[in-house]
Structures are given as C-alpha cells and as structure tokens.
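We just call them A, B and C in the order they show up, numbering each chain from 1.
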Amino acid sequence: MFKEKLSRRDAIKAVSKTALAGAAAGTGIIGAVGGYFAGSASIPRVEGVQTITRTQTVTQTVTQSPVTVTKTETAPGKPPIKIGFEVHRTGIGAVYGLWYERTTLAAVNLINEMGGIDGRPIQLIIEDDGTDPQRGVQVVEKLALEHKVDFILGALFSNVVLSAAPRAGELKKPYFAVSEGYHVPSGQLNRYSFQPGITDVRAQLEAIADWIVENLGTKITMIYPDYAFGYDHRDWFGRKARSLGATIKELIPIPPTETTFTKYFTKIPADTEVLYHVMVGPAVLTFVKELGEFFGAKRPELFGFVDSIEGVDLASPGLEFLEGTYFWEAFPRYLDGYDTPYHRFYRQRVGVNENGADVKDPKNVSTFSHMFSCWETLFVIKEAVEQSGYKNQTPADYKAFIETLENFRGFNEGIQHPHGPKIFVGALHQAFSHQFISQVKNSRFKVVHKTSIDSGLYESDVDYTKYPL
Amino acid sequence: MKLENRRRILTTHLSIILVLFLLQFVVPPFHATMLTRIMVFATYAVGYNLLLGYTGLMSLGHAMFFSTGLYTTGLTIYYLDLGIVEAFLLGILASFVISALMAFITLRTSGVFFLIITMIFSQVFYLTTLYFNNVTYGDQGFVLTGKLKPLELAGIIIDFSSNVVKYNFALTLFAFSFLLNLRLVNSAFGRILVAIRENEEKAEMLGYNTLGFKRLALIFSGIIAGISGSAYALIFSYVGSSFAFIHNSINPLLWTLLGGAGTTIGPLVGTGLMLYLIDFTSSLTPHYPILVGAMLIAVILGFPPGVVGGIRRRWLKWLP
Amino acid sequence: MNIEVAIVLGLLDGVILGFNIALVALGLSIVFGVMRIVNVSHGEFFMLGAVVAWYSVTLLNNFIIALIAAPLMVAGLAAVVDRFILRPINYNPENTIVVTIGLLFIIQQLVHIIYGPYSRPVTPPIYFRVDFPWFGYSGYKIIIAGISALLMVLTWFIIFKTKLGLYMRATQQDSEIAQAFAVPVRRVYVTALALGSALAAVAGVLIAPVQQAYYLMGLDALLISFMVVIIGGLGSLSGTLIAAFMVGVIDGIVSVFFSPTLARIVASLIVTLVLLLRPRGLFGAEAT
C-alpha cells in the first residue's frame, strides 16, 4: 500500500520523449513515474548518435539503434559476481526458456561491457529446472550451495516459482522471479523473493479492465484454462470487471490438455458482447481456428492475451480469425508499437527483429512480452548492489542489498529498462508498469492503448519489509 | 537362511545406513541436500519395490499414495495449523486408508489390467486435486513456509528449515523403511510374496490366500509411499498437483527397475543413480536428456536385472 | 446454442478423435499383443509423424509425402530399436519399459534440438468448411476419419488375410508353440514393431494440421492409447477400435454436461468400473 505521494522529477522528461505509435488518449505519465532510485541516480545515462558495430552478420534488417554504450573495463582483480539462472531449458516451458536464456545472456554481456556490477564481471551460471517444481528446488540448492552464487534469477511457471522461492529463502539467497504470477506480491513467499522486472497478473488485469469494459462491451464471457493461471484471470478480472458494472455472462474453463474446443463454444451465450480468452499451450492455434470455424463472420468482440501466442507467428495459417480482435501485450511484439531508441537497442542486442522474431531465423517468434523481465531484473540487481555497497555474501551485505532494493521507488526508462518506466512497491517486492492493448491488423499487432502505471496499482496489506531475514 | 548370510545381510544394511549418516559430515552442502532428496525418494522406491519386485505387481498409480501423504500432511498444516508430528501421523493414517481401499478394489485384477486401473485411479486423484483447487491450489500448489512449527524433543529444538534436520529426518525415515522392507522380505511373508510373484496359481494350490497377501503387500507399499510424500511436504515445504501426475508414478518404477527390482538395496541405488545422472549431465550440456536416455539403455543392457540385481547375480549371490 | 447441438458437436468431435486414437491404439495393440511389451516411446513415434508432416509441408509444400515418408522412417527406426536394443534384452517386459523410456528421452531431445520447442501449425492439404444447419465444421477432419478408416481396413487385411498376419496372430496366441510350428518369431516381432509404430506415425501426420506439431505431444497419445488397448481387451483389434471410439465419444459428450475436470473424473471412473466388472476388457480373449 502506498503511504506517501511520489514527487515528480525531471526523469519525466526522459519518459515523455518516448514515442508511442498510434497511442490513444490516456497515456498521461503520472507523477508516479517521477519515482527514481532512492539516493542519487548513478547509472550512466546513455545517449548518442553512433551505431554499434555488430560482430555478427544478420540476414534481416535490424533497426539500428542510436544508442551507444561506453565500453568500460571491469576492475582488475575483483572477483566476479555470480548470478545463478534457473531456466526452463526443457519441459513445457522450453519455448520461454530458450528466449529467456538469450535475453539474459545479452543483458549479461552488455553489463560486462559497461564495466560489470560494481566493477566486477557477472559470471552467469545456468541450470535447467525442466519446468518441474521438484527440479526447481534442486536447482536452487545447487546454485546456492555448490555454485555459491550471489543471486538467483528465477523461474517463469508459477508452480516452479512457488516451489523454488521458499527454498531460496531458507538458503538466504535473493530470488528474482521473472514470471508475472501473483506469487511474490501475494505475500506467501519470503523476504528474499522479488519480482522487479515484470508486472504481476493482478495488476495487468486491473489496468486493462477499464478499457475492455468501456470499448468492447459489458457482457463478457470468459474462456480460460482450468488451472491456476486461468483462475487468476477468472478471479482478478472478474472482480474488477464487475466493479466497473460489467457482467460476466459465462465462465468456460477448459482442461489444459484439451485438443479440440468446438464443443465448449456452444456454451457461449448468444448475447455475449466480449469473448475474453486466455488459452495457452500448444493447442492454441487449434483453439483459434475452431473459434473461427464456429463463429464464421458474425462474432462477438474478442479480447485475448499474448500469452496465447508467445512464440507463434501471427501470420500463421489458421489465425486469420484473429483479424480485428484485441490482445493484451506486456511489451509490444512489433517495434512500431512502442518505438524508442532504448527499445531498438534492446532488440538489437537480443537479436530480435522489428517483428519480434529471431533475426537469424524469422520463422521463430520470440516470447517478447515476457523475456524482457530477465534483462530488466539484471539491471535492478546491478543497481541494488552498487547502491547498497554489497560486497560479499555476508548476512550484513544481503541485508543492505535487500533494504536498498526495498527502498527503490521505481525505475527510469532507459537501456536498463527498455520496456518502460516502472513503479516499484518495496512492501510488495513487486514492480508495476504500463500495459499495452493491441489490435490485430493485417496479421500484425497495432497498439491502440497504453495504460497508465497507476491503473494497475492495487491495495494490499502485504508488507515484506516486516518479514524476517 | 544360513546364519552367516543373515549376519552379512544385516551388517550390509546397517552399514549402508551408517554410511548415509556419516556422509552428511563429509560431503559438501549441495550433496547433503541431494542425499536428503535421494533418501526421501528412495523411501518411495522402497515402497514401490515391495509391490513390484517382491510381489510381482506393477502399479502405475503410486503417485496417488505419495500424494495422499503429501496432501494430508500439507493441508492439515496449512489450514489447521497442526504440528509436524500430528500432521505426519495423519499422513500415515490417510495412506493406510487409501492403500486399504485400493487393495480391496484393484486387486481383483492383475498384470496389465492392474497397471491400467492403478493408473486411472491415480489420474482420478490428480484430477480431484485440480477440481478442488480452491482448497488445494491445484497445479500451482501452496507453500508451507512459516507454518512448520519447530518441535521440541528432549530439550532440543528441531526446526525443519535447518538442513541438518532435513537430512536426518529423511535418513530416519529411509532407514525405517529400508529395515522394515528387509524384515518383511526375509520373513515367511516375503517368501510367500515371492512365491506369488513366481507362480501365483501354484501358491494358491499350496493353500495360501494369495489375495490376502497381495493386499497386505499393497497396503505396506502404499503406506511407505505415503510416508515419503509426507516427508517431502515437511522437508521441501511445497505441495502441488504435479506430484499426483503420472510422471511421479513412472519415477519409482524407473528407479526400482534401474537399481534392481526384487533387491532391497536396488531402490536406493536406482534413485541415487537417476537423480545424480540428471544432475551431472545437465551441467555438461543443455542436451543432457540424450545422455540420460543413452545411459538408461546402457545400464539395462549391461545389467538386465538392474544394477544391484546384476551385482547379486554375478558376485554377491547372498544379497536379498 | 442448445444442448442437442452441443451433443451433436461433441459426438462428431468425439468420433473424429476416436478415429485418431484408434490408429495409435491399433499400433500399440499390435506391438503389445504380439510382443507382450510396452513401448513407452510409442507416443514419440506419433509425434515424429506430426513433425515430419511439418517438414514436408514447410520444405516441400507437400503433405502427401509425409503420409508415406513418416511411417517408412518410423518403421526403419523401429527396426533399429528392435535389433540393437530390444533383442539384446530378450524382449523382457520390465526392461523394455526402462530402455524405451531412455529412447523417449533421446527422441524428444533430438526433436527439441532440430525442430525446436515451438508448437507449429501444419497447413492441411485441403481445407473446406462443411456447413451443417447449426454450425460449421472442418472438412479436413472428416477426411482424417476417412483415411483412418482406410488404414484400419488395410491393417485388418494384413492381420487377417496375409501370411504375415497369420504369423502375428499365432505369435500373439502363444509364441512358444508358434516357434514350434516354424513361425519366424524374431521376424514377426520386428514386423509387428515396425507396423505398430508406423500406424502411430501416420496418425501423427493426419492429426498435425488439426493439433499442430509439438515435441511433447507424444505423452497424451501414449496414455490414451494404452488405456484404450486395455479396455478393449488384449488380443482383440475390434475391441481396441470400439474402446477408442468409446473414449473419444465419452470425452466429447460428458464435457458438455459437466465442468471439464469433473467430466474427466467421471469418465475415468466409468472406465474403471468397466474394467472391474470385466477384468479382461470388453472383448479380451484371455487373461495375460
């Protein structure tokens, strides 16, 4: 819960410089964004006009970014900062794991080019958790006890986060979820669990509910997977939508392993104005195809979540039915949805083209609305280390690190945070940000709305700062 | 059984437990946590082996027994604030109830039908944990952090967040199951089970109530599996549907066969081998599943009755 | 949308699904019946079919090739597996489980490396919409049913009208006696494995345009087909077919009435009841 008002600062200037293609009204950058690091801002503000020379040849045109980074040597003789990375290399999360790894490596390389963390190079240690809660715990133990890492960059899938984060807390290692799950801000984790790189699902839904109800309709039918991820949507969106005067006409849960969906569509009430869908998993293309076959030309408004098609090309055959429908995005897949020098720089370093696909093989689409969390989290770690004076893995150092991090009010937009500015709520250990709503136009996303950060802020009694270390 | 054999067997088994106890003082911290994990899952495998290796009944539903312990202990701590001991005991009780239920329902079938029925019942259990997700939190699960109240035994505070407590708790449970299993298989009960495994009709003709014995075996097997589930909740503080899913039924099957079905030490060896194999190869290459798969094939080609089974056949014929 | 329409849709989908399950289950039934082993990587052969279909459509712009290439490739793989892995362990059922789990890891990871973790769509060779009075339905799905039916007839022909099929049935009934009658059991085994795996692969090819090709899609196929084979009764191909349709249809209908998870629970319990009342399966000839 916010106790004080945040004051505006000239960081607003940097933020308002960013262009927002096709932005609708209501993007007012509020005072909240004026939040900045407690204490003096010590990140080098990087701007310039030179292009970075790439060491690889690319076959796809990559938008060159007018951002330079001054290469700085890491201080000789200083030991590396070891960051453990728990990643879904195999298992059902493998698509995300692939892109998380790439983004993380890009961020680590960049930070090391910039002189590392506190003059110390990052040594990244990667372990596969197989998208399995049981392995997740094992990976945390290995990173903490065998590799003796300083910090752990954590998982995406909520069940793995829930299994791994408590163990990290027991082993007293800061654990950074890169998930969008509600686990961290729910208070059920511990003082060492953070999510500063990406907004949680509750905040996302509270932020976009307004737009949906105002622009698409008030009679909403929800289709969601019959498990935790789906319930989050059912509960948080349902509550918010009802408070705005909308009615949830029908709830249609679908088993995650379902392969054919037509029979569920018969449950959609005829007077549905908005069909809210958040199906995930490999059957999503079938879902959309069958939706198209079912409705034909006359369909209600559709609102979906890019989670459904992370890693999937919008131009895939069978997705034609999505034309004209709307999606939530965390970070616009298409560059023109939020074109800033920092965004361009980020894409270039990670190796993603302006359509959100792999520059080396444009058939492979990235998980663009999630992977930025890894990049931004690493820079948050860097900031917190440098501001807290963290040196070794002593309890006192970790205490300083955690308390410094908890005192952060937010993060400025920049190469460290190309996704945009964030508010950080120390008590919740959670970051809040803009959300984007896009419309599918000619098999591309076209951003039509960007929410204010404020609109996602929710009330909560959780206060991690009171939890024991 | 020859007296010297009996002594050898007992010595071997006690030595194994002793070695496991001493290892915690010698090995690096990560391996201590690995051993903790191995001991919990080896307990699970020991229970599974009683049914598969000795009675000859292959089940694909043991995840149900494991999860009964896991959920009973986890839910009672989470919602009712029960103490560790009470929750654990309740876990054992629940495992007994479920095992007994299964014993009376499923043992009308055998062979591949038993395999399928146990698989289906386990699937139903899994779906039930998903269905009642407002209580169980379904696949996402819930954590027991901060809810495990420290015990006080003879003036010593036992806090389950301590690595030492976790290790020794796992060791105690494993030792208990290990020795119980040894006792069972080396008794008349065990010999009858083996007779049933080898030729059930003959055993019946000899006058044994094979159905009754199979039921007992299933109940013991289920209880031991349930104990390992309760232990998992207490040691790793996480309860979720993934442990009720079929992968967790295939695991003890794999560990048991790999280590040697029908041997007392096999489950421990198989579990340790598999867990370390995955851990070791995954740090070598991101494509480690290929190595793991190749190793599984190689081990079976080299040791068809499993590692310990092969050792028993070739060298140590007296191993139970 | 009223309940009758939902039921019809459920039925239709269930039958189509049943056809696909039937193919995979038929393959498993042949392997299981003749060789008495469970090939845990049977589902991976199904997945390989779908992946081959994707390559065929994407690289060669031709779906039909996959229908021939996939089963041939998988049959070849099966022959290799039989010769170098299964024969050395003498087709021991329990050990087969372990080694085929190992095989599953290898196949899955190879596909993960080469094809990727992405779920990719496969363009159907034909696309048309069949307009029923109450809803539109995919014409391609109906074609799946047709081709599947054809393959089942072909399989039936092989099993019941050829010498090879005779050998297979003999081996299934009693391999020792079959050997005494000079049935080349070893050759029968490898043929059964090849044939069964090829069926799974074709099923994968057929369903790819509907379900997409994804490297983890094998597990579900394995579990369902295994269940179907047992319910239908060992040694009964018709039993397998009937059970496949039952499973498909029950799944389709029950979820119209109940919430999906509850539907699955109920369906599973029904199946269990059937098994308990008829422990040999619906049409099982003898106990194993």
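Simple rule for what comes next: contacts are C-beta pairs under 8 Å (C-beta built on N, C-alpha and C of every residue); 3 or more make two chains touch, one makes a residue touch a chain.
What you see is a predicted model, and the numbers here were worked out from it, not measured in a lab.
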Chain contact graph, described as a line, ring, star, complete graph or other shape: complete
So using the touch definition from the top, which pair is joined by more C-beta contacts, B-C or A-B? B-C
Measuring from the mean C-alpha position of subunit A to the mean C-alpha position of subunit B, what distance in angstrom results? 39
Counting only Cα atoms for the centres, state how far subunit B is from subunit C in Å. 32
I need the residues of subunit B touching at least two other chains; which ones are they? 130, 288-289
Hey, what residues on subunit C touch two or more of the other chains? 109, 112, 259, 261, 264
Residue numbers of subunit A (touch at least two other chains): 90, 226
Provide the residue numbers of subunit B that touch subunit C in the complex, in ascending order. 58, 105, 108-113, 115-117, 119-121, 123-124, 127-128, 130-131, 246, 250, 253-254, 257-258, 261, 287-290, 292-297, 300-301, 304
Subunit A partner contacts - residues on subunit B that touch it in the complex: 28-31, 33-34, 37, 130, 133, 137-146, 161, 236-238, 240, 242-243, 278-279, 282-283, 286, 288-289
Contacting residues of subunit A [partner subunit C, same complex]: 90-92, 94-95, 97-98, 226, 253-255, 257-260, 262-268, 270, 281-286, 289-290, 293-294, 296, 311-312, 316-318, 364-365
Which residues of subunit C touch subunit B once you look at their complex with the stated criterion? 85, 88-90, 92, 94-95, 97-99, 101-106, 108-110, 112-113, 223, 226-227, 230-231, 234, 259, 261-262, 264-265, 268-269, 271-272, 275-276, 279-281, 287-288
Can you name the residues of subunit A that touch subunit B in the complex? 89-90, 127-128, 132-135, 137-138, 141-142, 145-146, 158-159, 162-163, 165-167, 169-170, 181, 183, 188-190, 226-229, 231
